[in-house]
Every structure is written in C-alpha cells, then in structure tokens.
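Multiple structures follow.
Next, two complexes with chain A in common: one pairs it with chain B, the other with chain C.
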Partner chain A sequence: MRKIFPAEELARDGRFIRQTNEQRMGDPRGARIAGGNSGDRLAKLTPELANGPDRARALMHGIFVGEIQALEGAGRTCWDFEVGEDVPLELKLDMARQCWDEARHCEISVALAEHMGTELGEYAENALLYEAACNPDPVLRLTGVNRALEGLAIDVFNTMKEFGNMAGDPVLEFCEDWMLADEVTHVKMGSDWLRRLTENDKERLDKALEFQKVVDRLFSFNGFRGEEDDSPIQLTRRFRELAGFSDDEIDEIADMSREARVEASS
Partner chain B sequence: MTQVSVTPESFEMVFYDAAVIGEVVAEVAERLGFEETITLEIDERSPLGRSKITSYDPIELWVDGGALENTKRPRQFGTARARDTIGRLLLRILDRRSGRFNETPDDDELDLMQFAAWDVHCVGRLERLGIGGQRQRRLYQFRNRHGFSDVADAAFEQLWDSSELSWTEIERISGDCRTA
Partner chain C sequence: MTETKRPREPFAPWDRRALPGLFDVDETAKRVGHYKWVELKLFEALGGWVATVPELDVKMRLGTHCYHHAWHADLFDKRLPELREMKTDRLTLPANDHMVAFIDAMTEPEEAAMTIEKLVGVYRVLIPHKIAAYTYHRNATSEITDMPTVRILDFILQDEFNDWREGEMLIQSMIETEEELDRAMIHQTKLEKLMLAAGGIAGPGSIGDPYVEIPEEN
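What follows is the complex of A and B.
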C-alpha cells in the first residue's frame, strides 16, 4: 500500500461533491465558512438569527466531513511512517486512539445530521483538512492537524454546544460536549508530540510552528474565529489552555483573527 | 401561461440562467393556480437564503442568490431549492388572498416563531403537491423557535398535516407552545 495518499483520491460515494480550494477561494461572494459566507459580515451564530438553524445545519455538515477527513488523516499517520526511523510506537498508538475517536464522531455527526434535517452530502466538501494531513514530516503533520485544525475544532464544537444550549436542544448540546472533550485530548496529543519530537531540534520546532500558523491563517478568513462578542466562532481560551496552548500562543491566534478582520473590513 | 420576469437577465457571480429560473418559477406558479405575471428580483451577490414578497399585487418577489443555489455545487442553480423558496412565497400570497389570513400582520411585523409556524404549514402543503419537502429540516427550525418538546412536535404535526388553516389557527397552535 502506498504512502502519502493524495486528497483527490479519497473514497467518497455519489452523495458527496468535492469543492476544490481554488473553487472555494475563487467564489466572488466570499469563501464558505462557519455555515455562512466570508463575503458577508457574519454575526455570532445563535438560534435568534433568522438563518441561525440553517447556518448550524451547514456548519454541522462541515464538521461531519471534517471528522471523516480527520479519521483518514490519523489513519494515514499510523501507516505512512516507520516506527523507530520516523516516529515512536507511542505516537502511532495515539493516532490509533484518535482514529477510534474520529470514527465515533462520524457516527455522532450522522445522527446529528438526521436530527437537524440535513442529508449527507447536502453541502459541498472541501478537503483542506486532509491536505494538511499529507505533510511528509510527522511533526509538521501533527502540528498542522492536531494543533491548528483540531484547535479550530475546539472553538467550533464549543460554539455549537452553546448554540444547542441557547436553543434548548439537549441532543446537540450533549453531543458537542462529548466530542469537544475528545478534541481537547487530540490537541493535547499534538502539543505533547511537538515538544517531545523537537526537544533537541529547534529548527524543526520553528518549521512546525510556522506550518501551524500557515494552516491557522488559511482558516482565519475575515477573522471569523475570534474573541470579539460578534465573532461567528468564539476562540475558546480555557479549553485551549487544557490542550497545551500557552497564553502567548492563544494571544497570537486572537491577534491573527483581529488583523484578518481589519483587513477584511478595509 | 404564467409570465415571469427575472432580474437580472444575466449573472456575473453565479452560474444561473434567467430563462431556466423563469421556467421553474412558472412551473411552480402554474401548479399553484397562478395565471398572472410574476416579477422575481435576485441579488446574486448574496449566498444567504433570504426571500420576501415585495408586492402582493402585482406579484413581486425578491431573493438572495443563495435561496436558489444548489448547496452541493456552490454558485450553481438548484432546482429543488428554487421550487421550495418560490413555492413558500407563492403559497403565502394565496393564503393572504384566501380571506383566512385577513388578520395577519404585515410580513415585516411577523416574528421568527410566527414565520416558522407559517412556513411549516406552507411546506407541508408543498410536499403533498410534490413541489417541496425537507420535513426534518423544517421540524428542526420549528423546534428552534418553539422548543424541543413533545408539545412543539405535536404542534408541528398539526401545522404540517393540515390543508387549510387560518391565520388565527396558526397563531393559536404556535402560541400554545409559548405557554406550554
């Protein structure tokens, strides 16, 4: 079986339609984010918005395809690298555990889609998450996926959990809470392995953190994820701290978001 | 044959065809028994799904481009979505003309609960006509406005399954969820 499986060849049935990054970023109305669109000034996602329930459905579908890709990415990390030469066995065991979590999240997401009235494949799928999981360096891969993208997942899950709470929807609230707990663990795995594998390799550490920033920037259109009251997705400091982010690192993401917001409004 | 006028006539940001849109609107209108001219204005810049009736007589509709979009294929026209959007607007016009909705506040005075309840009654009828659907999506929206409870679910069933409710009945069914 070949190593580093290309995103274009991921297995999907006829229900799923892929939207390339070029198509997504090339949409003159703005790229799709947070169940809305970066071209509009998106408000914080709450049930009180006229389109709140539909935005929640779209965002939940984005989470669902993200879970599929996270499962595929963690699975590839178990296979793509050799124990001893590339990674320790314990890293592969962590990735195997993550596969089990992501598979469970896929099943929960399917049940939530049914609950919210969303068909599987109702929205276009973008494979950016899996593409970050194709990095040939395991440290960069874990930093990009487990710290940047799973870090974003913490913010998204917490936002959805609050949406469920505000709407009085216990199904959504509890499902998001359970998945959120797993995401914190995944990010913590990324933080721990980043430190362990680069303990004596400052250059590799810097490269990995730079890759994380690139991925974070790709997901910061218009500063949609931030600490402002009206940010569509709220940056979740407490859970990020639990996941091994330092205050400086969280400040940096918040700053990045603020800058993207200013840039978008100018 | 219903005459449909679509604005704009050509699109820059989405891959829509005004003639195709006109055909879909005409088809839905004829299924619902309209014979008059319908004007549809589309804001192609917006991928959101808002829609409204800007005039009841003559019929003038306004929609975000996103309200006619195929969500599987962004920027492409979605026939099913368009039928659902246009069907709901036209049924609201029929309701207001029926005499059963004389006490209905103006559209911009309706709150989210009232809109959700009326939408359920519209989409339930559209589904039985083979024009729209997405029952579970409408149930989720209704629950967001009326509560995730057995009372709200029973209210939804009544709104969805009924064929000719009056505004007073819709208000009562929706209001019962507020007090429950």
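What follows is the complex of A and C.
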C-alpha cells in the first residue's frame, strides 16, 4: 500500500456521488446551510424556517460523508508517517483513537440521517476535507484537519444540538452532544501537537497556521459560519476555548467569516 | 498484635499461582518488544486501509480495530521500562526478517477490489497467530512475578478474540463465490508460509515447543 492516498481514489460503493464543491453548493435543496449566500436565504438553522428540516437533513448527510473522510484522514496519518523519523508514537496513538471516534461518528450520523428521513447518497459528496488530510507535513495536516475542520465540526455539532433541542428531538440533541465532546478532544489534539512539534520551529509553526487559515477560508463558504444572528452555523467560542483556541484566533475566524459575507453579498 | 480468630496461610486454598515462570525479565522484555512492533504495524495498516475499502461496514470496523491495536502497542510500550528497557525503541523490533516479509506481504493489497485479501491477512493469519503467542505467554509466565504482563495480555486477548470474530464474520459475509473463496485461500496460504518461516509473531518458540527430545541410542 502506497503512502499518501489520492482523494480521487477514495473507495466508495455505488450509492455515493462525488461532485466538486461548486456543484455541491449549487444543489438548491440544502445549499444555504452549508454554503452559498444570498440575502433571502441566509438564516440561522431553526425548525421554524420553511426549509429548516430539509436544511438539517442535508447538513446531516454532509456530516456523515465528512465523518467518513475524517476517519479516512486519521487512518492515513497512522500509515503515511514513520514513528521516530516523522512523528512520535503518541501522535499516531492519538490518530488511531480519532479513527475509532470517527468510526463511531459515521455510525451515529448515518443512523441519525436515517432517523431524519434521508437516504444514503441522497446528497453529493466532495473530497475537500480529505484533501486537507493529504498534506505531506504531519504538522500541517493536523493543523488543517484537527484545528480548522474539526473546529468547524464543533460549530456544526453545536448548531445541530441546538436544532435538536428546538425541534424537540432528544435523540438528535443527545447524539450531537456526544459527538461535540469528541470533537473538542480532536481539536485539542491538534492544538497540543501543533504546540509540541513546533516548539523550536517558528517557521513551521507559521506555515501550519497559514495552512489552517487556508482551510478555514475554504470552508467559510461565503460566511455561513459566524457570530451574526442569521449565521446558519454559529461560531462556538466556549468549546473552541476548551480545545486550545485563543481569543485572538477565534476573533480572526469571526472576522474571516464577516469578510466572506461582505465579499459574497457584493 | 491484632486479635484474629486463627492465623491464615499467605495464599488462600483456591489460589494456586506458582512463583516460577518460563521467562526471565530479559526474555519477557524481548518478547514484549516484538509484540509491540506487530501491534504497531497492524494498527498502521488498518488505518491506511480505511480509505481504500469501499464496503461501508468494513471501513468503519477497520477504524474501530485500528484503535484497539494502537492501544495494545501503547500498553506494551509502557510495560517495557518496567522490564528495565528505558529506551523502548531499542526493543521495538520484528522477531526476524521473515516477520518483516510477512508484514510487507500482508500490507501490500491496496486496490478497492481486494478487501477479501486485506481481511484474510489480518483476521485469518495475523490475529490467530497473535492470540496463540499471547496465550502461550500468558499461561507460561509467572502469575506472581510477571502479573503486570499477564494483566495486559488478558485485556489484549479480550480485544483480539472480539476482533477476530468480527473480522471472520466480515470475511464469511464477503465470500459469495468459489472464485472469491479461492482468492481467500490462496492469500491465506501465501501469508501462512511467510509466518511459518518467521516461526510466529515472536519468532521460533512463539508458542513454545511441545515436542519431546529423545536422546539418540548408541
């Protein structure tokens, strides 16, 4: 088995449909949750919205395919790097633990998707998340995946947990809360390893943080994740702090989101 | 002195643990180092294969089992300093070159259409050999002096039995034609030959030697 497995070869059965991000965002059924931005549609995800339940279904399917890719990415980090030469054993042990967590998240989210009336493959998948997990530098890979993408997962799961609460759906709320706990752990892993592996390497630290910004920007989807009242996905300060984000870093993500909104609306 | 009804023996009548064991500290450390190396190679492979396997249930099982074997590697890694090996990497070694050849052959399949080969290598060859070696070690070492290793092996064996059963059921559910059965058997035979040459996961003597030495007659 080779090192660094390309995103276009990710193994899927016939039910999955792979699309580019642009194509996926063009899907009118659930687009405004996870992307796009037009004045008439951007709104916080609530059950009261006319298309709220459909948005939530689309988002849950997106969570499911995201969890598969997170599982695949963590698994590849176990394989792609050599203990001692590239990474410490403890980093790989963390990634193996993340594999287990992501496998459970796949099980949870596919069951929740079914619970919400969604069929597997009803929405398309892009491979953006896994692509971030192909970075050949383990520090950049962990920063991009564990801090940027798993950080986004904190925001998404908290939003879905609130949606479950508002919708009176205890199953959804319960499961999202558990997944949220795991995500905080994963982001903290990213924060801890970034600090440990770049302790005496400022240049690598800067590169990793820059890569994190690139990934964060890529997943900003025109500002859908932010702190405004109508942000479909709410930026979650408290949990990000628990996971090792500084106030400045959270401010920066919020600013990035605001800028993306302005850019999209103009 | 404390008042008791009557004095008691240090070992209760039902406690038949004995002091002697087959392995001294150095031999135990050497074996534990080989076990750690195998667990490391296994969890790396299971993690790497996740992206290459299209069957959803298999993909998720591999992710779960990946962590089990990483945890085993961690348990063995933590045991090594207790066996006087402070630089654990020094003993994290394959038993011999044949064992390296076995792992290379086991981890070779990558194509999406080779899930059967991937599963057979792990669940029909490697894990049964691990169970055998760990059981031998668990039963042959001193349950008093080396109880920490026994305890570790008990935890690990519980995982191994569960994973073995799950993996075997996945294989059985995937083999639907004679051609698929042949593929499984051919791959198993190829890997078993390599394992035979290695003498087991810890080299010759992995599960002891049951034969009796008979002195030659003059």
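Here, the second predicted complex is superposed on the first by the 246 of 266 C-alpha atoms of A that agree within 3 Å, B and C clash if a C-alpha of one lies under 4 Å from a C-alpha of the other, contacts with A are read in each partner's own complex, and residues count from 1 in each chain.
We adopt the following convention: contacts are C-beta pairs under 8 Å (C-beta built on N, C-alpha and C of every residue); 3 or more make two chains touch, one makes a residue touch a chain.
Fair warning: this is a prediction, and the values are worked out from it, not measured in the lab.
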Chain B versus chain C as contact partner of A:117, first or second or both or neither: first
Which of chain B and chain C A:170 touches, first, second, both or neither: first
Contacts of A:57 with chain B and chain C, given as first, second, both or neither: first
First (chain B), second (chain C), both or neither touched by A:74: second
Which superposed partner A:100 touches (first chain B, second chain C, both, neither): second
Where chain A meets both chain C and chain B, residue numbers: none
Complex interface listing, chain C residues touching chain A: 40, 43-56, 59-64, 66-71, 73-74, 77, 89, 107-110, 112
Chain A - residues contacting chain C, complex: 1-2, 5, 9-13, 68, 71-72, 74-80, 83-84, 89, 92-93, 95-97, 99-100, 102-104, 106-107, 110, 130
Interfacial residue positions of chain B with respect to chain A in the complex: 12-14, 45-50, 65-66, 71-75, 112, 115, 134-141, 143-144, 147-148
Residue ranges of chain A touching chain B (in the complex, touch as defined): 17, 19, 23-24, 27-30, 32, 36-37, 39-40, 47-48, 50-54, 57-58, 114-118, 121-124, 167-171
